[in-house]
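Order of writing sets the labels: A, B, C and D. Residues in every chain begin at 1.
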């Protein structure tokens, strides 16, 4: 599933005009079941009115309250009573206060599983479908303990701009992403322009995992937590080593062209010192040992295959 | 200079009301000279009218055309004729087209050194001073070859939110940042609320260098370029190793509490496989060698200091 | 009822936070009945979800779909099926297209009684609660035959600015107004700041009737229609004559102070010519006869009461 | 001049892109002189930088500071020092406070002749070129004694919508209008879509004079002032009488078709009472005398021309 952890499956779609495709309705529920079974992933679905929630029960694992419904108070209350996690999208012209006020309607029913979803606001700039308000992330961090995720697809409105917005969101501290993906975007029944391919989704997932490993303070409350955090760091280490190996191959080709020797002891020492400065826990010796292994492995990788 | 590469020194300030501090004017020019001399950094200064540019010559290295002046066409033409690099801030309600149109006035004078600076747009949301439009970055990448930098300070309006916006900008692909910094922000003569301390600026610079190393395709046209790119990767490697050492220390404490052995051969093998998957150029053996050195160094670092 | 033709009585209120007053709910329905009985006016009430519409039947004469519900498609469809007239407020960031798209949901159910209500949009300017978009009126005139009314109260957000916005709306061509009024605004349970007193409402009604008489093309399809239109013109004539009499009294005092004669034949002739130019159907003689009567009546009114 | 009282003649034009027509520059000054001579009207011209003001002296009577220049503080100061009246347009995303702050720069130079010009703000709605903020008028009335005028042309962006916005502005209390007009709009060198014809301008002027006569409290400090105010009232009276004559002609045709008598004494008495209620200064007798003359004149006008 290209790195996705939750599937969005909306059988009810709020559309601007009545003649547009309005979703499959109840007829789509078996498809949600099948998607859930075949992927093993939980499903997020959007109700448009309180009675839709009963219909989704057993087919969906979490509810999405869309931007157009952010202040639909009967729907918010019913979502709260459902006990299911609720992803609450920001209305397209909602202030932070109004958004948190809407969350209060869910929380007031005793449902603590509310996830806020920034999806871009409406501004004078119409090149992008909406304007992604990344500032929402640090502001909400201060004002609430609720998780904040971002939908870069509705903000961008065009697939080409989705990765940049996704990375920006994670860098600003978002807890997750809601990305529209389609195996053949040009054939999507709605929002075709903004759906990315599974390959692009996989790249976004890899990049955001790397960002998260670098920028988040991991919770290491027990051995399992520590190991998960170490695994995340190692994942990024792997990506960095791959990139380094590629750069060393380039450097070696440049050296060959100028008849320079493969190794340069002074530079290798400088490299070890540079890393030791950034990793004081390892000490000079630890950093030197690691970088020696790194330099060797990269040189081996860069060596021309013998004929 | 906390990682800064250019100093902003504005002796003319466009203020909302005439009774506000309007900058030091020509009396401030010797301060620009001194700042330039003592730091060795180039200085960026803002003219408000064509004749200010002549006054700045010899004291400043680049010109800042502020948001309020984005469509001041005589100023744009004069900045173009100056031959100095021009940082062109986006007007607070300017579309991409209008912004690029303003850049055309500079370019039309034969000055190709135009740098676009996104600084947040004016929207209905007033918690942040402006709404940072990160979407501008991928859109402008498509439409122009001009570099795009971001001013997270005017967008945030509050120092606490500046780092998140700075990281978001770099993650989205910005080529640089323009950050307001003050050794004692509460005593700043203008924009006190949004100035970060030098310590915070240094953290922002470190984090953005790491992001840039991870997310940008380096230009490796010659040996020097390759080495710069390798150094950037190694800088991030150092940060990751430091984090990893800290996590391993946590894990070891958790193991000690449960009387578990220090090493776990099966997990070490899994770690090597994980990295090998992400770094196929290194091959299984190369990845194993590097991770073996990493695991050893982290364990040494985690070992309790002998009494 | 201070000139009002319809009463708004909302027993369900969509509020930003759950702890705010949410309306009286079903307990308020007898109050709607009483208001309807005692005033003889039809009642407009706001449902928040489809099932509210059944509860309102028999107590309300028309439905208000509020700004927050503009894209609540199940509610729009149910309002359409109700057969009651539907006042559809514009969402606070809805484009004209989206607004007309929402109206289509009601129309698609066979309900042709849709009235569009502009109530201000959300912009960067927050001094007024919203920004009244008077441009909506001529644009919608072109795009649809549906009536367009305006809510100046939610746009202004402050009672003092409501009359100016109300007059602007009618001058721009609005077919009606939705004005919040309270006998003692400071004691209102919601939106206290923007409620006008009944006395101010009466002034707004008088002024808008005058404007409408002057600026609308009356429909004179039968004698009754013609007479209604003539009555409207005469109402304005009355107001103008009152103002003229007051001005003549001022002028006479100024003349007395300078010992000038009461009448001035040349000026009276000029007055008749001025009016004849504007009223070519009356001809010179008709205009002269009317203005002679007007001048005489004003002079009599201006004459000092004999001691 | 179709009712215009001032001509706008901008020889310098701030355009979005350098390849657009930038105005005639100094070469256009003789045209300003000729326009001023041939019409006898004062000329309003827009400088883009301080030095333009010296060039305009002797050719223009007042300065226009455009929306793009609203926060060009050197220009504002120079306009202040010029001693000429300054029309200060609102920046397209300027708050009221920023706009008044800009006015302070002119006032601070000792120039009290500042006229504020609302021209629409930039919002998400792009059907109209900008969104006319009529709320600015009552708000500024409270906050400043400076006159407020409105440019409906830039707000509408299309000639067809200009009259509605013009009337709305005057109804909301604007002190004047700045309307773009062209004898053949389709051949205009800039802003062709929003220019009205002289015939439409004349209609706008007539309608706004009527509105102003009805809704403004005239200043009657001396005989001249009183007479001007009476003339304005009479101008509206003329328009109303013309409309009434037209309606009576319709009514008479309807009566003829049903063989009803030309006059109806009961209705005529009711008409006199209606007017007497609105014009208490005239008294019953005065109102009756005036309306008798009005009814007679309208009936004469409505009588079929004898064969």
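Keep in mind that, in the parts below, a residue touches a chain if its C-beta (ideal position, glycine included) is under 8 Å from a C-beta of that chain, and two chains touch if they have at least 3 such contacts.
These figures come from a predicted structure and were not determined experimentally.
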Chain B and chain A - chains in contact with each: C, D
Farthest chain relative to chain B (centres taken as mean CA coordinates): C
Same-site or different-site touching of chain B by its copy chain C, using the half cut: same
Chain B and chain C, separation of their C-alpha mean positions in angstrom: 54
Distance between the centres, which are taken as Cα means, of chain C and chain A, whole angstrom: 51
Junction residues of chain A, two or more chains touched: 93, 122-124
Pairwise touch network: line, ring, star, complete, or other: complete
In the complex with chain D, residue positions of chain A that touch it: 93, 122-124, 126
Chain B-facing residues of chain A, complex: 93, 95-96, 121, 123-125, 127-128, 131-135, 137-139, 142, 155-156, 160-161, 163-165, 167-173, 207, 210-211, 213-215, 218, 220, 222-223, 226-227, 229-231, 233-251, 254-255, 258, 260, 267, 271, 274-283, 286-287, 289-294, 296-298, 300-301
Of chain C, residues touching chain A in the complex: 14-19, 22, 48-50, 68-69, 71-75, 91-93, 97-98, 101-102, 104-105, 108, 122
